[in-house]
Amino acid sequence: MNFVTILFYFFEAVAALAALSLVLVRNVFYGALILVVCLLSLAAIYVLAFAEFVAVTQILIYAGGILVVIIFGVMLTAKIAGKPLVVKHTNVWGGTLACVALFTLLLYFLSSQKFFEDGKDKMQAADTAINTIGFGLMTEFVLPFEVAGILLLAALIGAAVIASSIKSRNV
Amino acid sequence: MVPVYHFLWLGAFLFCAGLMVIITKRNAIMVLLGIELMLNASNLNLVAFNQLHPAHLSGQMFALFVIIVAVCEAAVGLAIVLRVYQHYQTSVPDEVTDLKD
Amino acid sequence: MPETQTHYTTFFEVCLLLVVLLPLVSFVVSGRIPQRYSWVVTFTAPLFLLISAIGAIYIFTAVWHHQPYIARVNWFTIGGTLVSAGVYLNDIAALMLLVVTFISFLVHLYSTGYMAGDAGLTRYFAMLGFFTFSMLGIVLADSLLLMFVFWELVGFSSYMLIGHWTEKDEAAAAAKKAFLLNRIGDAGFLVGLMLIWAYTGTFDIVQLSDINEVFSWQTAASLCLFAGVIGKSAQFPLLTWLPDAMEGPTPVSALIHAATMVAAGVFLLARVYFLFTPAALDVIAGIGILTALMAALSALVQFDIKKILAYSTISQLGLMVAAIGAGAPAAAILHLFTHAFFKAGLFLGAGIIIHVLHQAQQQAHEHFNVQDIRNLGGLRKKLPFTFCAFVICGCALAGIPFFSGFLSKDAILTAITHWKGDGFSWKWIVLASAFIVSFLTVIYTFRMIWTVFMGEEKRTASLPVVEPPVIMRGPVAILAVCSVWLLVDINPVNFEGWLFNTLHADGNFHIGIISIVSALWVILAVSVAYFMFRSKTIHDDLLLNNFYLDKLYFKIVENPSWRLAVFTDYFDRRWIDGFIHASAYAQVTVSHLVGWFDRAIVDGTVNGIASLSRGVGNFTRSFQGGKIQSYILWAILAIIIFLIWILF
Amino acid sequence: MHHYYISLLIFIPLLAAVAGLFVPAGAAKYFRYSTLFVNLLQCMVLIAMVMEYIPAQGMQLVERKDWITLNIGTWGILKAEYFVGIDGLSLPLVALSVFVLLIATISSWTINKNVKGYFILLLILNAAIIGSFTALDFLLFYLFFEFMLLPMFFLIAIWGGARREYASIKFFLYTLLGSIFILIVMIGLYISVHDPNYSGQLVHSFSVLNMADASNFISHTILDPNNAWTIGPMNARLWAFLLLFIGFAIKLPMVPVHTWLPDAHVEAPTPVSVILAALLLKIGGYGLARIAFPIFPEAAIHFSTFIGIMGVISIIYGGLNAMASKDLKRLIAYSSVSHMGFVLLGFASLTPEGVAGSVYQMFSHGIISAMLFLLVGVLYDRTHDRTIVNYSGLSSKMKSYTALVLVGFFASMGLPAFSGFIAEIMIFLGAFKANSVNGLLHESLAIIATLGLILGAAYYLWTLQRMFFGPYDLKGNIAHDSIYDLTDREYLMLVPLAIAVLFFGIFPQPMINIIDPFAQNFSEFVLRAGKSLTLNP
């Protein structure tokens, strides 16, 4: 057990706990913050798994982008209602049952299936990961990359249109 | 090094937690949060499996595209949530029952 | 019968038709005359009857001592057998025809005075006419069935006339009683008719008389006919109606309940005498003499003058019936004939007393029961004519020599003496009883006349009593004249005169010793009565109430049948209807059960299936609740199930 | 030669009823006069029919048309006909019906409630009654029989007195029960009888005349006289007769199935009571003579003592009950029970006298009971009270009424010169003679039945004494000014009846000429046919 392993376990635990508290928490704003915690710990895990690019993207886009947008959304809806956005739970027992059952199933399969030969289940660091990714993006994955870009653009414009049309309609 | 099963267990847990959030929370934003969590759970798996074969990039690439799609989804989703909120004065998805039979 | 056809002319037949139909015409005319012209009736009705009576005299002379006149028309067929309606006019019938029309005429005449001013005058004369017609029907009928028809019709007219004063409760009750008791007798008569029909196949009297051999059940048949007589002639045990019938107007009592209708029984017995077997005749003699004795005893103690006469009538009828039983219809008819006159005379005389006292009462505004002899006395001074007539008729009733009653009673006593035979038997008791009856007759007649006419005036002293108009006195006078011996024969001690000898072909029936004994017996009775009962009145509840027969009948017949009626009513409501209701309730209960089964089980199943499918529908519909999260939940669950199903 | 007299009698009222449907309900006068017109028309047809009638000829003026012919494969052919005719049994009853219905129409003049419905129902009832008395096809008879029930039910239930629902339902249930029994037998007969006119094929016939011939029964069917089935302790034919007997006895009515009658009478309006007593009761007797006796002669002989005893029980029981009745109408209803007992006794004797007497009794009781119920109606119209003890001394205020009551009462108690006497004497003679002629009834039955005469006198005279004689007095809530004598309309309906009662009592021969051939044939046929059939128990 080295330091890296301890870190790994730590972040694993943080992510799991954050996810659990997200389930339990009732304030949307807190939920968003908890999610940030969870995403950041995931990013840490990515780092520990030698996927630095993904980790960076995770932090930038998720923690920096999506979460900000979400928090804005929370604030906007909470502002209109004029009170802290506290949610109620529904389908508690059904949801619990389904999720626990699913989780049990997943665990069962994960433990019963052997995905790897013995000893090959360890992560290895790639040498030039970021380089490779960069090349990959520009070569092999260039078409999906561009399409993703266009998608992103379209989504953002669409989002802006949807959100803004409220005002034009209201005025 | 950390065994890959840990990733898978964590991924499974996060997925289930996200699912739980989606199912139980009576708020659209929370549902979006749950979705994000589930997407992340899948990302975690993609990354984990990719790292078993460092020579390949497909897993990481997929994870990246997932993140992109998540962005789109979050943006459009939030826009819709706002719009719905404006229209129905609620962000509780159950109360928007215009599609009910 | 060839002689029949030659002897009787068309004029005779027209006369007969007139005699029979004029009373009916009188009935119709009287019934149709409006109330305000009711005085017309008092002329028309006696006029019709006068013509009828004159016709009857002619017919009597034509028929008397000749072959019977027979004429018939087809009436109707019963099961292929023709029943004819016709006339069979023999000597007895001719005699009765005469008596009926003659007395009826007198009573009509008398009634114009007696009933003057009565509200129901037209009805009274109508029914009187109808009665006369029905009575003539009995007299002339050639078949037992036709006789039964008129037999019932005289009962009906008697009912109407007894109940003439409808507002009197007693009159209505008496009328009902008379008809009912008659009806009981008639039921017996009807059974007799059935027996005769079943065993001989004919009702015709002539045909029946031609049957020589005894048919089966003949005794029963003749006794059943006698039951009719018991009802009509007020014999034991149905004698109680006649005293009550005195509630009717007095002329009615004279005509119907003394002279004619009650005598119809005796007439019937004489008419169909050939039907009676010796056994039946013995029964008839026994009942007749028993009735005579009972009624004579009851007559001794009555206070109502009309009731005395009524009991006396019953007693005399009993004697006549006994005479028939003793095998002497001729003697019975002779007594019937004489009795009709003197008893009608007595009744009309009593009617005069009642009438004039009533009128006097109305003038003096005094009220007491004028029929109660205890209130009367000494009327001979105020009503000398009535007194004379009453005494003459009374002597006839008592059987004093030189009066008609003596002769006819003599005939009966002779008949019983002949009948009793030589050896000692129960028939001696009959003879002894007959003598006792004639003794008692003298006593009660004496008591009645003495109390009413002799002695001091009692409550009538202050009343302005005057003799009634001549229209009322005339009939009484005629009847009194007809009560002397000359009616029967020139010889005042031998009853075998023109009348008896015609009826009785044997001849040499008379026994001189009986006349002498009878005369002495009567004189003894008069002296006993004079010395013992002149001033005394006997009071005896048993006899006054006629041996409590009424109470007995009430106890053993009327009350039980009333209870039975009430019981049947109860049975109907409680049990038959109860059963119907119970079954209805049972049906309703079953229906409820079935209904419950329908609702709970049959409908329940259907509804259950429906609600199951609705539940399923709602359940599946709940997936389409527009709740995204639910959709997801179910999708997840489905996936889990799918996974489990696929992977295990 | 075609005659349509009977069809005219049946269909004139039906057509008038249909025509009446199209007339607005407000035209009360139209309905009254049109019904009266129909009745008068029927009277004319009846007179023509009587002129045409030949007493000695038996069944005549027959009309016969195919009505239903239905091929039902191996079950043969169902054949029902429109088959009507009259003989010495039906002619008196048809004549009675026409006469009484005319009187009932006059008596219905005072009906003011829903005149249209009332008179249309009356016309339908009219057709059904005449149809029942003339039908010779069992199915047709049954149709008319049932057809009578409904108008009667509504006439009681709508125009009746206080307890009309109870009475009408009781009436309906009783007669329906009877109808069911008759229906059962009708089906059994239909299965067992074939029409002899069709030799090649099996044609089931409903004709009563075919059914009365033992040779028309199909061998080994349920009611085959030679091989009838045995059901329980008895032969099926005995059962069938018993069922028919009960069915018609309910209608008659016979004790103990009579309790519908007093209630129905008490609650029904006067004209309906008249029709009920005068006509509907006669269907019972008519059905016995037309259907039960000729079709099952051996059973009729077998049960004759039973029928006679039931008749005597009815006579006595009805009389006793009449005596205990407090309601005048109920009293007369029970007297009907008593009088119809005579009909049973007469038929049971199977002697010409008894049978003729029974038919005569039906006819005469029809007239007398019509008169009695009209008389009660007269009083009820005035005071709306029928309690006997509430009246006293009416004779002083209502002279003509009392006179007619006397006629009615004395006619009903069988006084000679009234038609009831002729009928009853014939029944008595027949019933008494039966034992010595054909050995059927014991003499004692006739003797016991004479008690009925005494009882009849008792209850009528007692009623007269209580209501009409004695001092004038009214009790209860009867207004004194409501008592007045007969009106002209009441004379118009009562006097013809009184005249008829007298006429048929004094001159019975015209009617007996009609009845007697039938009575002779009937008794002779039933005895001969019944004795020729062996009865295997």
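As written, the chains take the letters A, B, C and D, and residue 1 is the first residue of each chain.
FYI, contacts are C-beta pairs under 8 Å (C-beta built on N, C-alpha and C of every residue); 3 or more make two chains touch, one makes a residue touch a chain.
The chain list, named the UniProt way, goes like this: A = NADH-quinone oxidoreductase subunit J; B = NADH-quinone oxidoreductase subunit K.
Model, not experiment: these values are computed from the prediction.
Asker: Could you run down the chains that neighbour chain A and chain C together?
Answerer: Shared contacts of chain A and chain C: B.
Asker: Of every pair of chains, which is linked by the largest number of C-beta contacts?
Answerer: The largest set of C-beta contacts joins the chains A-B.
Asker: So, comparing C-alpha centroids, which chain is the farthest one from chain B?
Answerer: So the farthest one, by centre of C-alpha atoms, is C.
Asker: Give the identifier of the chain nearest to the protein's overall CA centre, each chain being represented by its own CA mean.
Answerer: D
Asker: If you average the Cα atoms of chain B and of chain D to get two centres, how far apart are those centres in Å?
Answerer: 97
Asker: Averaging only over C-alpha atoms, locate the centres of chain B and chain C and give their separation in whole Å.
Answerer: Centre-to-centre distance between chain B and chain C: 124 Å.
Asker: Could you grab the centroid distance between chain C and chain D? Build each centroid from C-alpha atoms only and quote it in angstrom.
Answerer: For chain C versus chain D, the centre distance works out to 34 Å.
Asker: With chain centres taken as the means of their Cα atoms, state the distance from chain A to chain D in Å.
Answerer: From the centre of chain A to the centre of chain D is 103 Å.
Asker: Among the residues of chain A, which ones contact at least 2 other chains?
Answerer: In chain A, residues 90-91, 94-95, 98-99, 102 touch at least two other chains, as defined above.
Asker: I need the residues of chain D touching at least two other chains; which ones are they?
Answerer: If we look for residues of chain D contacting two or more partner chains, we find none.
Asker: Going by the contact rule already set, what residues in chain B reach two or more other chains?
Answerer: If we look for residues of chain B contacting two or more partner chains, we find 19, 23-26, 94.
Asker: Can you give me every chain pair that touches, using the contact definition above?
Answerer: Once each pair is checked, the touching ones are A-B, A-C, B-C, C-D.
Asker: Could you please specify the touching residues of chain C with respect to chain A in the complex?
Answerer: 627, 629-630, 633, 636-637, 639-640, 643-644, 647
Asker: Can you tell me which positions in chain A touch chain B when the two form their complex?
Answerer: Residues in contact with chain B: 4-5, 8, 12, 15-16, 19-20, 22-23, 28, 31-32, 35, 38-39, 42, 45-46, 48-51, 53-54, 57-58, 61-62, 65-66, 69-70, 72-74, 76-77, 80, 85, 87-92, 94-96, 98-100, 102-103, 106-107, 110, 115-116, 120-126, 129, 132-133, 136-137, 140-141, 144, 148, 151-152, 154-156, 158-160, 162-163, 165-166.
Asker: Within the complex, which stretch of chain C touches chain B?
Answerer: Chain C residues touching chain B: 621, 624-629, 632-633, 636.
Asker: Show me the residue ranges of chain B that touch chain A in the complex, using the header's touch definition.
Answerer: Residue list for chain B touching chain A: 1-10, 12-21, 23-27, 29-30, 32-34, 36-37, 40, 43-44, 47-48, 50-52, 54-55, 57, 60-61, 63-65, 67-76, 78-83, 85-86, 89, 91-92, 94.
Asker: Contact residues on chain D for chain C in the complex?
Answerer: So the residues of chain D in touch with chain C come to 170, 173-174, 256, 258-259, 262, 317, 320-321, 323-325, 351-354, 356, 393, 395-396, 406, 410, 415-417, 421-422, 425-426, 428-430, 432-433, 436, 443, 446-447, 450-451, 453-455, 457-458, 461-462, 464-465, 468-472, 508-509, 512, 516, 519-520.
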